[in-house]
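Okay, handing you the structure first.
We call the chains A, B, C and D, going by the order they appear; numbering starts again at 1 in every chain.
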Amino acid sequence: MGQVAAELRERVYRANQELAESGLVHGTFGNVSGIDREAGLFVIKPSGVSYAEQTPDHMVPISLETGEVVESRFRPSSDTPTHLELYRAFPCGGIVHTHSEAASAFAQARLPIRCMGTTHADHFRGDVPVTRPLTREEVEGEYERNTGLVIVECFRKGGISAEEVPAVLVAQHGPFTWGRDAFEAIEHARVLEYVARLETRVRLLAPDAPRPDAFLVDRHFLRKHGRGAYYGQR
Amino acid sequence: MGQVAAELRERVYRANQELAESGLVHGTFGNVSGIDREAGLFVIKPSGVSYAEQTPDHMVPISLETGEVVESRFRPSSDTPTHLELYRAFPCGGIVHTHSEAASAFAQARLPIRCMGTTHADHFRGDVPVTRPLTREEVEGEYERNTGLVIVECFRKGGISAEEVPAVLVAQHGPFTWGRDAFEAIEHARVLEYVARLETRVRLLAPDAPRPDAFLVDRHFLRKHGRGAYYGQR
Amino acid sequence: MGQVAAELRERVYRANQELAESGLVHGTFGNVSGIDREAGLFVIKPSGVSYAEQTPDHMVPISLETGEVVESRFRPSSDTPTHLELYRAFPCGGIVHTHSEAASAFAQARLPIRCMGTTHADHFRGDVPVTRPLTREEVEGEYERNTGLVIVECFRKGGISAEEVPAVLVAQHGPFTWGRDAFEAIEHARVLEYVARLETRVRLLAPDAPRPDAFLVDRHFLRKHGRGAYYGQR
Amino acid sequence: MGQVAAELRERVYRANQELAESGLVHGTFGNVSGIDREAGLFVIKPSGVSYAEQTPDHMVPISLETGEVVESRFRPSSDTPTHLELYRAFPCGGIVHTHSEAASAFAQARLPIRCMGTTHADHFRGDVPVTRPLTREEVEGEYERNTGLVIVECFRKGGISAEEVPAVLVAQHGPFTWGRDAFEAIEHARVLEYVARLETRVRLLAPDAPRPDAFLVDRHFLRKHGRGAYYGQR
């Protein structure tokens, strides 16, 4: 550990502060983590400590291999095993969990957030899926770990790329997003909430509105991602 | 009185200021109280004094036994008799009344706030009920006291635990919440408004969405409450 | 004029500044006026001057008898003739016009804001009515004056007391409110917007929800108004 | 170039800062441009540079004749070809593109924003139209330029005056507005979002509400525009 963990703790601390200021979380809810894959550990916020009280020292390193806390006297977020399973399955550098209002409502309504326009397509190449509910065994057993496994199952069974759709709704719970690092994961959480608000309005105003053509979705997604991207400065 | 009342007045004053900053109340509406059961009195905000003008001295002590004002030249909130009946019936340490928008709309619509997800289950173990309307006799008699009695009746007849569901909607009026002290009661008022917003969205997006399984609700409620709780630092 | 107008201008200036900070108006929209019935004049904001640029000197005195500007080089709000007719017909001391979102939507939807709960009844003893649309002759003639006359007709024909219901929605336009002075008129504009938000939610969540009993509405209205009022300090 | 471009860059820079503070854009989304028709060039914000990082020097001049960048090391907004086609077809001095929530939802729902009241009529003399979706050829070819051409087609085929209705919704994308200069275009973007919010409420509360009479719409539009205008100071 040492230097690597210190830098990562600092970054994850700043990301949690940014999340707190984003309006996407309430009280001690929500969490951000970031991973150093070379060092084999990720760092996550502590459980039940308000964002205002947190310092970099509160951030808890977790071993990617064992899932155990590494040299910290703090207990990690209760959602840590969910993050662990996502890091094991998805090639991402940071993960965010919020209870943001519009996205959580879709999770509670058990509806995907459909890709209905270019704001969505700029970030997510298709619908943001909602998982199946967990079974009694999954809930009463290793609940938080099983939450992660059910997310991974949702993407595998649905043939969805975690790189092209870096977000999911856990049924009756709320959203998780991820990205290349903790800050991009937060940006995806912000955009997810925004497109959930747009999609709410569309479902209420015109439930039968036609979807955008696939070539429009691809144009927007690929304008910002991959080899042909032409957005931004070079 | 003396020292006990002075400390409680200070705490209830701070709680009312926190409520004013919460966005849950408007003008002079809403009120917070806190109780000292050993001293046999609770303290509540004065009637019709704006939050900005209030000082600890404005907070009015009330005898739990007689319901009378104890050594104060201010008139207590007109809702004082409602608080009195709730303190007599429920084992709580603080009570809040607001007209917060989403929760009041459910009260006006005469609909409970159903437990549709984990954000709700983290705080309330089941639906937040709505009372029956008061009768003409109840309204034209001791109206505010009868409001308290109708809340208590709602929980007794419905077999609802006031500790597991520390919130209610008074029909055509608005929400009351309670907690271990005045600050937890405010936190419950915040969360109630939030889950009312979520539930509004669910009812509009997917009125027939299935409810979460009881084992999921219990898992979340018990993760934070009671002997098996494992949320937060120890 | 002189002293009377100077004091009234100062008060109406402050009221317009309060309106600007209320979030109920946009850009140069909206206006507040206040009257001195002994002096026979009311004062209103100028037309098309942003709230930030206004000074007390910009406020324009208007004769209640003639409707003419009294000693000012500024043009009064284009809605001045509406205010004039309301002052002539209703026993009020201040008038506010806004395009606040929820209330204006009811005006556009041609729906009254029904009295569905105690927050409404605390301020308005019954539904807030919506006028009939103006005829072609009324629109193409003295449009702003006719707007005032149609409001007065709405209350007279509907048997509504302007003191008990100090608010109206002009069809396809927006709300006007009034009160004992300009500041109470602003408070009524704030509450109107709030109950319009509540009523929007009720109509979407439970369009057939029963109305509150008349004895509940009366209890709340009379708790704050008239001889038997028992709200506030004495 | 030189002096002309420097002044225009400064103005367009300030307009982009105003847009950033308006709440109508998110992250690096959205853009404002302004034109100097005598100099034959317009200036637009750079691509993918956050509003906080921008300086006047980042603003990119574009030739109205060739559509090419004029003396700048920055890449212009990816939407530049859309602005170019609008400047060529419409007699305006500034253009704004946002993804503002309510207006974008109408674009995604493929619904026009109907003129349902006087707030709308004060700024837009009739419905704000929604374009047809672009074809595969249009999307896979010069996508941003074709977006501009489809907007122009929408107005030409619909017989709509770009001066009387300075706003459009691009299907499944979002709004563009324009005005006499960049600042009026922003004002139109603000009002468009506001009337989109009003219209959302009307569609949900009373989908069959009658439209205002044409003489009411004309009275309001002409009260502020054209020879007979009588709003504001002279």
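Some observations on this one:
In the analysis below, a residue touches a chain if its C-beta (ideal position, glycine included) is under 8 Å from a C-beta of that chain, and two chains touch if they have at least 3 such contacts.
Every value quoted in this text rests on a predicted model; they were computed, and no experiment measured them.
Using the contact threshold fixed earlier, the set of chains in contact with both chain C and chain D is empty.
Steps from chain A to chain C, minimised over paths through touching chains, total 2.
Copies chain A and chain D of the same sequence differ by a rotation of 90 degrees once their CA atoms are superposed, given in steps of 5. Between chain B and chain C, two chains of identical sequence, the interface residue sets overlap only in part, with shared numbers making up under half of the total. For the pair chain A and chain B, the distance between mean C-alpha positions equals 34 Å.
Inter-chain spacing, taken between the CA centroids of chain B and chain D, is 47 Å. Residues of chain C in contact with two or more other chains: 204. Taken as a graph of touching chains, this assembly forms a single closed ring in which every chain touches exactly two others.
Residues 26-29, 46-49, 74-75, 78, 99, 101-102, 104-111, 133-134, 136, 139-140, 143, 172-174, 200, 203-204 of chain C are the ones that touch chain D when the two sit in their complex. Interface of chain B with chain A (complex): residues 116-119, 187, 190-191, 194, 197-199, 201-202, 204-206, 209-210, 212-213, 215-216, 219, 223, 230-234.
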